[in-house]
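Can you read through this structure? Questions will come right after.
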């Protein structure tokens, strides 16, 4: 059916500001979407990293008289060994304890001479362990042991990162929706501007599908072109952003990593699909309205 | 062909039969038929009680003062407007039952010259004139294009863009576009309004030629000289719109 | 001159998709700009807070035999009292030291019994003090004192926050530029769509200024309308965002605070100005091109 | 009035003087003057060597086959086109020296009927017809609007939108718009192409009336009957474009 009507390529004027507007709109929106995507991915990485770092580790602090320390430590390790969801439990060495304190008290703190509590790092596996159950068992077996599962004071960070990711995703949806609306309006504007073209084509016996196709093709290509350029510039801009500051510890760079660089390439295709659907609806809608 | 008898004849059956005899009712298949058609843009009807059967191979002129509904009548004939009441039949199909695609296909068998000739302004004249063939997927039948353009006096303007054409050149181009598919029916709305006498004679010759090939022709015009000239060459009948009705106008010509 | 030509209000068609496109474009862009503004302000607050917290405080750690501790502490405080740029210097109490260590060793650490270093909190004033100079004086007067100005390990955070702010500001500029370009294109599209209007007005003796004014007014109002709605929706959306998570410590809410709520109201005005200038340029440019 | 003498006269000064005498050269101030004007859209000139002085209060018809440059000539007269060579003077100002704003002001003293009548399609007919007054800030002088509309047969259509008008109604509206400011000059391009005889007589009467009030009138038309009818009422001269030149056409009318 498409072929029988003949080539539609030149039926709709090539130039025209609505056409450029379409390309430009698609370009700008995709450019912004690339940023939103980068934000969303970075926030996702961040949330994941924190989530992982925090939910997978817990600390047990054992404060006991020096002579009972060894015994209680062993008791705790025994309890942990039989706790489901605990992958690994390990008493920190003096060196490690020293490092933790260094920012506060300097590297020359004589840890071994101090009656400091002993710290045990617990790495959980799978769904993690039941913190409340563990606490009860510990209080029975090793009264000087206190479980600190970190969640209390770091959880808000994870929540915040999750929200950032959500914000990025919502932004992409918003941007996509706005782009669809703009392209629909631009298509309607182009159809209005080309009312005479439609009238002439109708007069000489062109079918709706033939007329619509000419507009849809032009708009889809326009949107694809603009969106492609937008994606390229967006990726360039993201690549040129100040690099990831991993020293910052909790901030990850606003950029793409590895395979993520392929994701923004999907945006122009999505934009073209949006343009195709939006223009098609607009065209048939408009054609139905004309005699 | 059926036609509203002039009002003076009243309901007298013999008079009506005589009137019909004058118009040589042919028994060929009708191309376009209007039965008891009325049309209203607003609350007041513009045309009422219109009956007309365009037989294949007939030649009609349509006259009437400005604003009486000639263009409206033509639009009813090619389905751009649908009748308020009554029935319009194009190629044996009721217009009201035709889907837009069917109508598009039917249009390919009709040549239409609009009163305000419109073109695809970004494409050269030759492409515009060939458009009906292109749209119908018959772009390969384009041999006669330059002969046709030469006939309507546009031989040197094949590459000109429509907005650069003069008023008369546009009308000629519109006629050329209407006849390029060699349509079964030609509906032309004031095709010589901006043309000098010589050129309108030339276009008339083209129409007469088409009519002799068996095409049905309906031309709306104010130009009485054109009608007179046509009547010397072909069996043309003249319709007139008066008092919202379609009448035969024979007496004054 | 404006009045003499008579009312221009109805000369340009009221409706038309390019007109809606203009409103919608302005609306979306301002909506996005509100977010970028919120981001930029939040990042600014963050950077400022961190900057202030870090650049204004430093810690001096004194590790000395218990008998010399009191003396060296006093010596350090004396040095600080005569250091230009130091606003306040204060030795932490045992309680405070305890709180610092609590996350690691629990609240029941017997700080007073431990040979922990003493910490002195230094609050700087104005431009801050000369850290290198202070170090040299300290090593002379109190050999056990070590200056930690925090910058080493927290500076990247400040840099990151500053970049976030910069990103927000650049986004606003980008969005504004894109909006200007879109409105220019929309204006050109409208001028093209209304070529007949221009031709008719020319024919009956309308002056360029008269014709241009009709278009400019319509577009400016359109842009103002769209941008106003965009700003309102943007502010609503920001207000509805999950609230500021101040518990997170280093993350501040992505929102406006106090007088900042007035800032986004400037955006519609900016958009209208952009529309005015863009349409005016487009109109006169186009009118010059027509006979 | 100065005019290219018919080519047959050659360079003979006496013949030229005689020719000029025929055209009653008045000594009133010229409204529009073309001196040695040529115009070319492309490499080939369309009009060359055109000399014409439109004296105030004169009445001209312009004829010539379609595509010879009648509309182009009118556009030169009201400054939409600037001559390729030569000088066009409107109200004593050289068109080439006029800024666009000056031209706009000059236009307010001229009524122009385009061959394809264009309107502001979103505004009702009455507003469109009154537009020249509105644009000139003379909206208060609108008393005669309904009388004018009634005269051109558009009395009942004051609120109609232009796209709903018939071809002839548009032409009449365009003429009404051109004369509403009571301009010093009226340039009309084929103003009766879509009108029946009665209506074109009516418009002619309007033009004659304006001419008697001292207005200068220049009408491009193909309608020889119209010209003949005009010559019975007013001292109208006929110009013709032939061989790219402007000539007087008296003999055949």
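In order of appearance the chains are A, B, C and D, and numbering begins at 1 in each one.
Everything that follows uses one rule, which is that a contact is a pair of C-beta atoms (placed from the backbone, for glycine too) under 8 Å apart; a residue touches a chain by one contact, two chains touch by 3 or more.
Chain identities (UniProt): A, C = Cell division protein FtsX.
Keep in mind that this is a model prediction, so the values were computed, not measured.
Asks: What's the fewest number of moves from chain A to chain D, given that each move must go to a chain touching the current one?
Replies: Minimal hop count between chain A and chain D: 2.
Asks: With centres defined as the mean of C-alpha atoms, identify the chain lying farthest from chain D.
Replies: A
Asks: If you average the CA atoms of chain C and of chain D, how many Å lie between those two points?
Replies: 65
Asks: Taking each chain's centre as the mean of its CA atoms, how far is chain B from chain D in angstrom?
Replies: Each chain reduced to its C-alpha mean, chain B and chain D end up 32 Å apart.
Asks: Please compute the C-alpha centroid of chain B, do the same for chain C, then give the distance between them in whole Å.
Replies: It comes to 70 Å between the two C-alpha centres.
Asks: Determine the centre-to-centre distance between chain A and chain C, using the mean Cα coordinates as centres, and give it in whole Å.
Replies: Measuring from centre to centre gives 22 Å for this pair.
Asks: Pull out every residue in chain D that's touching 2 or more other chains.
Replies: none
Asks: Are the chains arranged, by touching, as a line, ring, star, complete graph, or other?
Replies: Drawn as a graph, the chains make one closed cycle, so a ring.
Asks: Which two-chain combinations qualify as touching?
Replies: The set of touching chain pairs is A-B, A-C, B-D, C-D.
Asks: Applying the document's contact rule, which stretches of chain C touch chain D when the two form their complex?
Replies: 4-7, 10-11, 13-14, 196-197, 199-210, 287, 291
Asks: Name, in rising order, each residue of chain D that touches chain B in their complex.
Replies: Within the complex, chain D contacts chain B at residues 41, 63-67, 70-71, 115-116, 153, 164, 166-169, 172, 189-190, 193-199, 222, 224-225.
Asks: Which part of chain B faces chain A closely enough to touch in the complex?
Replies: Counting only chain B, the residues touching chain A are 80-81, 100-101, 104-108, 110, 112, 114, 118-123, 127, 131-132, 134-137, 139, 177.
Asks: For chain A, which residues are in contact with chain C within the complex?
Replies: 16-18, 20-21, 24-25, 28, 31-32, 35, 61, 63, 100-101, 103-106, 108-110, 113-117, 119, 146, 148, 153, 156-157, 159-160, 163, 167, 171, 174-175, 178, 181-182, 185-186, 188-189, 192-193, 241-242, 245, 247-251, 254
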